[in-house]
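In what comes next, subunit A is part of two complexes: it sits with subunit B in the first one and with subunit C in the second one.
After this line comes the complex of A and B, so read on.
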C-alpha cells in the first residue's frame, strides 16, 4: 500500500470514525443494552487513533511486528471486556469488520479514478483487518474461557457443603457427577469438618448423584476409607434402585460399608450407634383437657 | 539416637509421635513398643499421630505391623488423631490399615479401648473387690 493512500486515511480520520460509527449503528447486532453509544464511540476512537498512528507502508503486512503491540493491546482489552459483558461472537466480530467497511468505503470515494491504487489498498486493508480479527477472536475466546474456569471453581466451592445434623454426626449431600477433582474437594471438606466438629459419624448422601460407575464407586470407597482412618464411621445413604442395580452389575463390593436407602434411615442408624433414642412425647395435658 | 517415649497408663500404653518419623525411628518404635507390651502385659496400645503431617508407605506399613503384632500378643491397637491430609495420602497409597482401630482423638481412643477390653478387665476387678 502506498504512502499516499495511507496519508489520506490518516488525514481523514474524523470522517473514518463517523463512517465506522454509522456502520456500527446500522448493524442489527448493535447491543445498546450492553454498551452505551458514547462508550462504543470512545472504544472505536481509541482503536482507530492507535491504528492510524501505527500504520506505515513497511509494517502494514506484518501485524505480528512490535509496532502493533499497542493496537493489539487495545483490541484485546476490548474483546475481553466484551466477552465478560456477554456479547455474542458475531457482535464482537462485527465491531472489527465494520471498520474494514468504513476504510474501504472511504478509499473508494477518493480513488475511483485510480483503480490500481484502489485495488492495492483494498488488498492491504483486507489483510490487515483479517489479522486484527484473529486477535479479537483469540482474546474473545480466552475471555470466555476465563469466565468458565471461574464458574467451575465457584461451583466446586459451593457444591460441597458439610452439614452438622446432630452432635457428633455430619452429613454431606453430594449433588452432581463425582469426578476425581470433585471427590478430592469433597473428601478434604468432609475430613476437615470431622476434625473441626469432632464428629464420629459421617453420612455421605448420594441421592443427588445421577449415575454411579466403577470410577465413582472407587472414589466413594476412598472417601469411606479415609474417614475410617481418621477414626470416624462413614454411612453411605441415598442409594436409589438404579444405582443399586449398577453397583451389583459392575461387581463392586460395598458389603463392608454401611449403606442405607435414605438419609432418614442413615440418621436412625447413626442414632443407634451413638446410643441416642428419638421418642414421641405423649402430651398429657391434652388428655387431661 | 532419638527415641519416642512410651507411657504406661494402667493397662494401656500411650505413644504420642511428635516428630516426623524417619524409617529407623519407626523401626525402633516398633521394637520398643512390642517389648513394652510383653513387659507390662498391656491390653491396649494407643498411638497418637495428630502431630504427624507427612506419611509414606513405610510408615503406613509399620502402623499395620504394630497392630498385627500387638494383636497376636492379645493387645488392641488404636491409632488416633490422624490428620485429613495423612488419611488421604494413605488411602491414595492403597493402605487402608484394615486391622487397625482408629479414633478421632486420645479421649475417644481411650473410650474405645476401654469398651473393647473393659469387659474382661471389669470382670477381674470385680473379683478383686469381692476378695477384699
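After this line comes the complex of A and C, so read on.
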C-alpha cells in the first residue's frame, strides 16, 4: 500500500471512527446489554488510534512484526474481556470485520478515480484485517479456555468437602470420577481434617462415583493406607450392588478394608468401634404429665 | 453379524475418558442393557481406554451397536499406535504390570465382557476388541 493512501487514512481518522461506529450500531449483533455504547466507542477509538499510528508502508504486510505489539496487545485485551463477558465468537469477530468495512468505504470515496490505487490498498487492508481477526480468534478462545480451567479448579475445590459427623468421625463423600489429581486433593483434605479434628475414624463414601475401575480402586487403596499411617481407621461406604459385582470380576481385593453398603451402616460401625451407642428414648415423662 | 450404529471417538487426554464413558453409557441405555451389564461394560471400557492413554498416548475407539441372532450388543474396538505388547500371555496375567498399577486392567476387562480379542505388534500398536451382549452373562 502506498504511503499516500496511508497518510490519507491517518488524516481521516475521525471520519473513520464515525463510519466504524455507525457500522457497528447498524449491526444486528450489537450487544447493548453486555456493553454500553460509550465503552464500545472507547475500545474502538483506542484500537484505531494505535493501528493508524503503527501502520506504515513497510510493516502493513507483516502483523507479526514488533511494530504491531501494541495493536495486538489491545486487540487481545478486548477479545479476552469479550470472552469473559459472554460475547459470542461471531460478535467478537464482527467487531474487527466491521473495521474493514469502514476502511474500505472511506478509501472507496476518496479514490473513485484511481482504481489502481484503490485495488492496491483494498488488498493490503484485506490482508491486514484478516490477520488481526486471527489474533482476535486465538485470544478469544484462550479467554474461554481460561474460564473452563478456572471452573475445573473450582469444581475440584468444592467437590471434596470433609464433614465431621461425630466426635472423632469424619466423612468424605466423593462425587464424580476419581482421577489422579482429584485423589491428591481428596487425600490432602482428608488427612488434614483428621489432624485438625483429632479423628480416629474416616468414612469414604463412594455412592457418587459412577464407575470403579482398577485405577480408581488403586487410588482408594492408597488413601486408605495413608489414613492408617496417620493412626486412623478408614471405612469405605456406598458400594452399590453392580459396583460390588464389577469389583469382584475385575479381581480387586478389598477384603482387608472395612466396606459397607451405605453411609448409615458405616456410621453404625464407627459408633461400635468408638463404643458409642445410639438409643431411642422413651418419652415416658410426657405421657405421665 | 450386523452393525446398526457406528461411531468413532478420538482419545487424546484424560478428559476424553469421561466423555467416552458417557457415550458408552448412552449406547448401552439405548439398547436396554441392564444396569449391572452396563457397569461391567463401562468399567472394562474404562480400563482399556486408560491403558491406551497411559502406554500409547491415546488412540481411537470405535463404538458399535451390533446384532446377531436376534440379540443386540455393543462392540468396542480400541486401536492405538503405541509400543505394542511383547508378550500378550504375560500381559493377560493377573497382577502383572509394567507401569506400577495393580495389573488387573487387561485380565479384569476380559472377565467383564462376553468376547475379548487382543492383537498387538511390537512397534506398531495394539488393537483390542470387546463385545458385551445385552443379556449375556
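Basically, the second predicted complex is superposed on the first by the 286 of 289 C-alpha atoms of A that agree within 3 Å, B and C clash if a C-alpha of one lies under 4 Å from a C-alpha of the other, contacts with A are read in each partner's own complex, and residues count from 1 in each chain.
Everything that follows uses one rule, which is that a contact is a pair of C-beta atoms (placed from the backbone, for glycine too) under 8 Å apart; a residue touches a chain by one contact, two chains touch by 3 or more.
As the structure is a computational prediction, the values presented were derived from the model and not from experiment.
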item	value
Touched partner set for A:117, first subunit B, second subunit C, both or neither	neither
Contacts of A:6 with subunit B and subunit C, given as first, second, both or neither	neither
Subunit B versus subunit C as contact partner of A:274, first or second or both or neither	neither
Partner chain in contact with A:52 - subunit B first, subunit C second, else both or neither	neither
Touched partner set for A:263, first subunit B, second subunit C, both or neither	neither
Subunit B versus subunit C as contact partner of A:254, first or second or both or neither	neither
Subunit A to subunit C touching residues, read off their complex	177, 179, 210-215, 217-218, 241-243, 245-246, 249-252
Complex interface listing, subunit A residues touching subunit B	184, 187-188, 191-192, 194-195, 198-200, 222, 225-232
For the subunit C and subunit A complex, residues of the former touching the latter	14, 17-18, 21, 35-36, 38-40, 42-43, 46-47, 50, 94, 101-102, 104-105, 107-108, 111-112
Of subunit B, residues touching subunit A in the complex	79-84, 86-88, 90-92, 96-97, 102-105, 108-109
